[in-house]
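As written, the chain order gives the labels A, B, C and D, with residue 1 at the start of each chain.
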Amino acid sequence: MSQSYNRGLIEDFGRWKEFSAGMWAWIFHKFTGWVLIGYLFTHIAVLSSALAGPEAYTDTLQGLEALFVVRVLEVGLLAVAVFHMMNGIRLLMVDLGIGLDAQDKTFYLSLIVTGAIAVASVPTFMTDVGF
Amino acid sequence: MSTQEQQPEPETEPETEPETQESPADPEMSGLASPQQRRLQRKAANLAERERQAAEDESNLEEDTVHLKVFRFDPEVEDKQEPRFDDFHVPFERGMTVLDALIYARDEYDSSLTFRHSCRQAICGSDAFFVNGSQHLGCKTQISELEQPVRVEPLPHQEVVKDLVVDMEHFYEQMHAVEPYMQQEDLPEGELEEMRQSRENREKIKMSTRCIWCAACMSSCNIAAGDNQYLGPAAINKAYRFAMDEREDEEIKEHRLRIIEQEHGVWRCQTQFSCTEVCPKDIPLTEHIQELKREAVKKNLKFW
Amino acid sequence: MAERYSSFTPGGTAWLLQRVTAVFLIFALAFHFFLLHFVEHAWEIDFAGTQARMQDVGYFITMILFLITATFHGVNGVYNALLNQGLSGTPRKVVLALLVLASLALIGQGIWVAIEMRGGLIL
Amino acid sequence: MYEHDVIVVGAGGAGLRAAIAAHEAGADVAMVTKLHPVRSHTGAAEGGINAALREGDDWELHAYDTMKGSDYLGDAPAIETLAKDAPEDTITLEHWGMPFSREDDGTVSQRPFGGLSFPRTTYAGAETGHHLLHVLYEQVVKRGIQVYDEWFVMNLAVSDEPDPNDRTCHGVVAYDVQSGKIDGFKARNGVIIATGGPGQAFDHTTNAVSCTGDGQAIAYRAGVPLEDMEFVQFHPTTLPSTGVLISEGVRGEGGILYNEKGERFMFEHGYANNDGELASRDVVSRAELTEVNEGRGVEDEYVHLDMRHLGAERILDRLENILHLAEDFEGVDGLVEPMPVKPGQHYEMGGIETDENGKTCIDGLYAAGECACVSVHGANRLGGNALPELVVFGKRAGYHAAGKDLGEAEIETGYTSDVEEETDVDLPVTPGEAGLDPNPEAVATDGSGQALDAEDALERAVETERARTERLIEKDDGVKHADIRAKLQEAMTQNVNVFREEQGLKKALKAIRECRELYQDVYVQDPSRTFNTDLQMTYETRNLIDVAETITLGALVRNEFRGAHWRLENQERDDENWLKHTLISWNAGKPSIWYRPVILEGEDKTYEPKVRSY
């Protein structure tokens, strides 16, 4: 009807507090997926320094690794990857129709595992980094 | 039963930004298994709450009124063309539902308050509203379970015709699109012979047949909001109801799978579970959609 | 109504491939991260080490497969996400073409780099 | 203006079935309904649909049970038609995919029900009506039958001959709720009214808010008599705040009724020393109200239905649905507290007078379903007999309207001079008059007393409704329909309830008259044309007034106790004087009451009135 009123998407993100587990899982999965594919492109770009010769490659990589931000970003990347993987497994289970009733619990579990692995990896990732 | 003076008269207030509104308790976050279980638990909590409240303050008038904030819009009436929220203060009665409160507000304060409703018992599916930020049937939602003020809005993602009334045409079209009728031509001989169906098979389709076409699921689904052509959980569930019914032959089932595996069909579903959460009939919608995805894949694999 | 939806589109294939690649990626990604961040350490990586690993045929093939599946999985995921937001018509064809081109470029570049790391196409 | 062969008004079980039948018979059918079909109140039916399907049962037993249940006020040809057609029509539903509950061998299940000599109530869980409604709607979708949903039918377009038996119905006038447009629907062959019951005449009812007796009122005002309206069934266990039905199953499983003092009153106060809580619906309803009236009700309003002693496991297993209902609609947890219940209006046995083919005395006008009275239910409807009525008589009406030959009807309709006429009861006020508006009749007239042709009749009816609507919306001040409705409902619930006595009924008539007077000053507050439910409900309230009046009039004249109709003054069934139907004709606003004998001669036997005891 022409004279009806379309409220657009006002209820979408303005309502984030009311989102349920499944919805959050979807948003996070999307976000992490995009980060990962973005990273894949970057990653190949960085590795392409190998085309300019072994030294260029080693220098680029080690130069980047010397940067504190890069280390922090790496922890972030790990978290993103782990979450995407854990939730991906959850989604695969959902696809197989396993444990649908516990879908919210498994989402929280993915979050916890992600957090735990990210925290546990900090010492390893932060070794030998200059400030 | 309270008989005290009410403070009537809707006050008008400009539409507030959704961001600034108070968030009600989120029952979905409680992490219990099924909606059924969750309801039972909520029920226990509410009973305790009611008792506590009753004991605490019997005479407090404030406690005994319900504060409703209702979305208003009318394309024809000048001061309603710009959507707004009206406040109503309705005397509370034990057992009062959101629908009861709306009816009271309409009959006592403002006859132009418009919403669909009929059966008052969760079977006609006309009164799905957006209450405190999620989809509920008005007649099935106890006021005592909600945080105040109770915000009542029309279903999101559907055009608003007036006040709480949304345009359901698109929803009906999607329901019709899955050919929602038995197509078995080959009936048993004999005038009074029924088709046979095993108890297990009836059990399998039972939940899916409970749908009351309230559109709460469709309105909650983010994908349906983005892709208008997406069949949506209710229509897919309707397709499931027939695809899984053993009374229809295998070819008909294949035909049904072809309908739901088209581009705007099951593959669109991102398993957000919002539909399952809000369905007032506790239909495991996501589960049904997922099962159809697997059936469709199986069928396609057969051709390879 | 019904006829609007009757054209057969095997949307299921992409969906299934997304799942299949996901299963492969679980292992590939875990292996990749584990090897390059925990066994080896990222800050110690140099060309020699990379080359040594790449000399191993199994590793080389795994990485190529990893690249291809991840690209398909990621790009298909992005494409799907856009479709879900209602992308259709000509823009949709354009986006699909761009994504395919980008993927091919990425895979091509990746394979080239890998071969280079390996030190040429000697098997 | 729209034009079709057959126009079906109402899309509940009866309307949908009629539309399908008319379509099958080759007619171009359209349905006009104020609710989308799946919103109709047929969806609320729980128990089941009676049909003699199995070995050991046959239609004659079903007919016998129904006749006995009706307290010998049903017409044999109608009852036998119902019993004979129900099996086939039920199986048809199965073939259309209805998910009936099943036996181990895959055949449909049947269960015992009150008043039945054989377990013949075919059911689909505790939601038979829901499935029936949806299956029928699916068939309508399949056949591509045109549905005008959310179109409120305001009136019929009927020609203006002085004798209603000579009139013809040409179509209906309806109001598109979404847009506010008022338009005519011309019916080349016939109009079928299937608008359901008038439960909203009472404030405590299991019926939906949409059950406002519209069809009965418009047919009545067009000259069709309303039959046996005094017979209203009250269900003993409904939730006090909403009227939601708590199924008989709770008592069947062993639920107990207690009064405020905690007494098991069905036994302790001697209402039913043998059957206790399981006595028939009217007995239990009366017992509950007696308790409340004598001051032993909880909060002076209701009694308690307790099932806690059954144990959580058994309750969850068999009565889970009841837990949800009590919780969702009353906020009571049936596992930890007793449920409040009281009697509530449930079903209107009477209605638009029709024959077995659904035809009324007006040419081209049909009725089927709860709004009609063929009569199969007589003075009391058996549980599970309404749904078969919908499909059996819905189908017949559809066929007949589409021109299919169903044979000559045995039941007569319309007022003829040889029937008994009598109104020696003195009425406190003159019913009918105090016109609700200047043009009280549904018949279209140009004042010449000449029959109008179809187009003109329709045109005129549309104009009348447009003018009336205009007046209602333009009026700035007055009485709100909600206040009138509340007054009406209160009067009906107080006085025309389970217990009826002369004084109370007269009080009700006076109150109805006051409602009529108030209605002359009614106005619609909402000025909008878009989805104006205020306007729609104002129209409905007017229909309720007319229908409520017929219920009360019938109850006042029938001075006997039969079926659901209890009278203080005469607590015996009086077969000598009252084996006859009450009929009320509108007569241009001057209602008259007359009677027609009950037909007890069946196809090959005559039913002898016996004492109704179970």
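Structural remarks
The rule is simple: contacts are C-beta pairs under 8 Å (C-beta built on N, C-alpha and C of every residue); 3 or more make two chains touch, one makes a residue touch a chain.
Quantities reported herein were computed from a predicted structural model and do not represent experimental measurements.
Averaging Cα coordinates per chain and for the whole protein, the chain whose average falls nearest the overall one is B. Chain pair with the most C-beta contact pairs: B-D.
Inter-chain spacing, taken between the CA centroids of chain A and chain B, is 33 Å. Averaging C-alpha coordinates per chain places the centre of chain C 66 Å away from that of chain D. Separating the CA-averaged centres of chain B and chain C is a span of 40 Å. Separation between the centroids of chain B and chain D, computed from CA atoms only, is 29 Å.
Multi-chain contact residues of chain B, defined as those touching 2 or more other chains: 75-76, 161, 176, 179, 270, 293.
Touching two or more other chains at once are residues 178, 530 of chain D. By the touch criterion given at the top, residues 17-19, 23-24, 26, 28-29, 31, 33-34, 73, 75-76, 83, 130, 132-134, 153-154, 156-157, 159-161, 167, 222, 225, 270-274, 276-277, 284, 286-287, 290-291, 293-294 of chain B touch chain A in their complex.
Those residues of chain C whose C-beta lies close enough to touch chain B in the complex are 1-2, 4-16, 83-86.
Of all residues in chain B, only 1, 39, 43-44, 46-47, 50, 74-77, 93-97, 100, 106-108, 110-112, 114-126, 139-142, 144, 161-163, 165, 168, 172, 176, 179-182, 184, 187, 191-199, 202, 205-206, 209-210, 212-213, 242, 245, 247 touch chain D in the complex they form.
Chain D meets chain B in the complex at residues 35-36, 38-41, 43-44, 53, 87-88, 91, 94-97, 99-108, 125, 127, 130-131, 134-135, 138-139, 141-142, 178, 208-210, 239-245, 299, 325, 327-333, 336, 480-482, 486, 524-534. Only residues 1, 3-7, 9-12, 14-15, 17-18, 20-23, 25-26, 91, 94-97, 100-105, 108 of chain A touch chain B when the two sit together in their complex.
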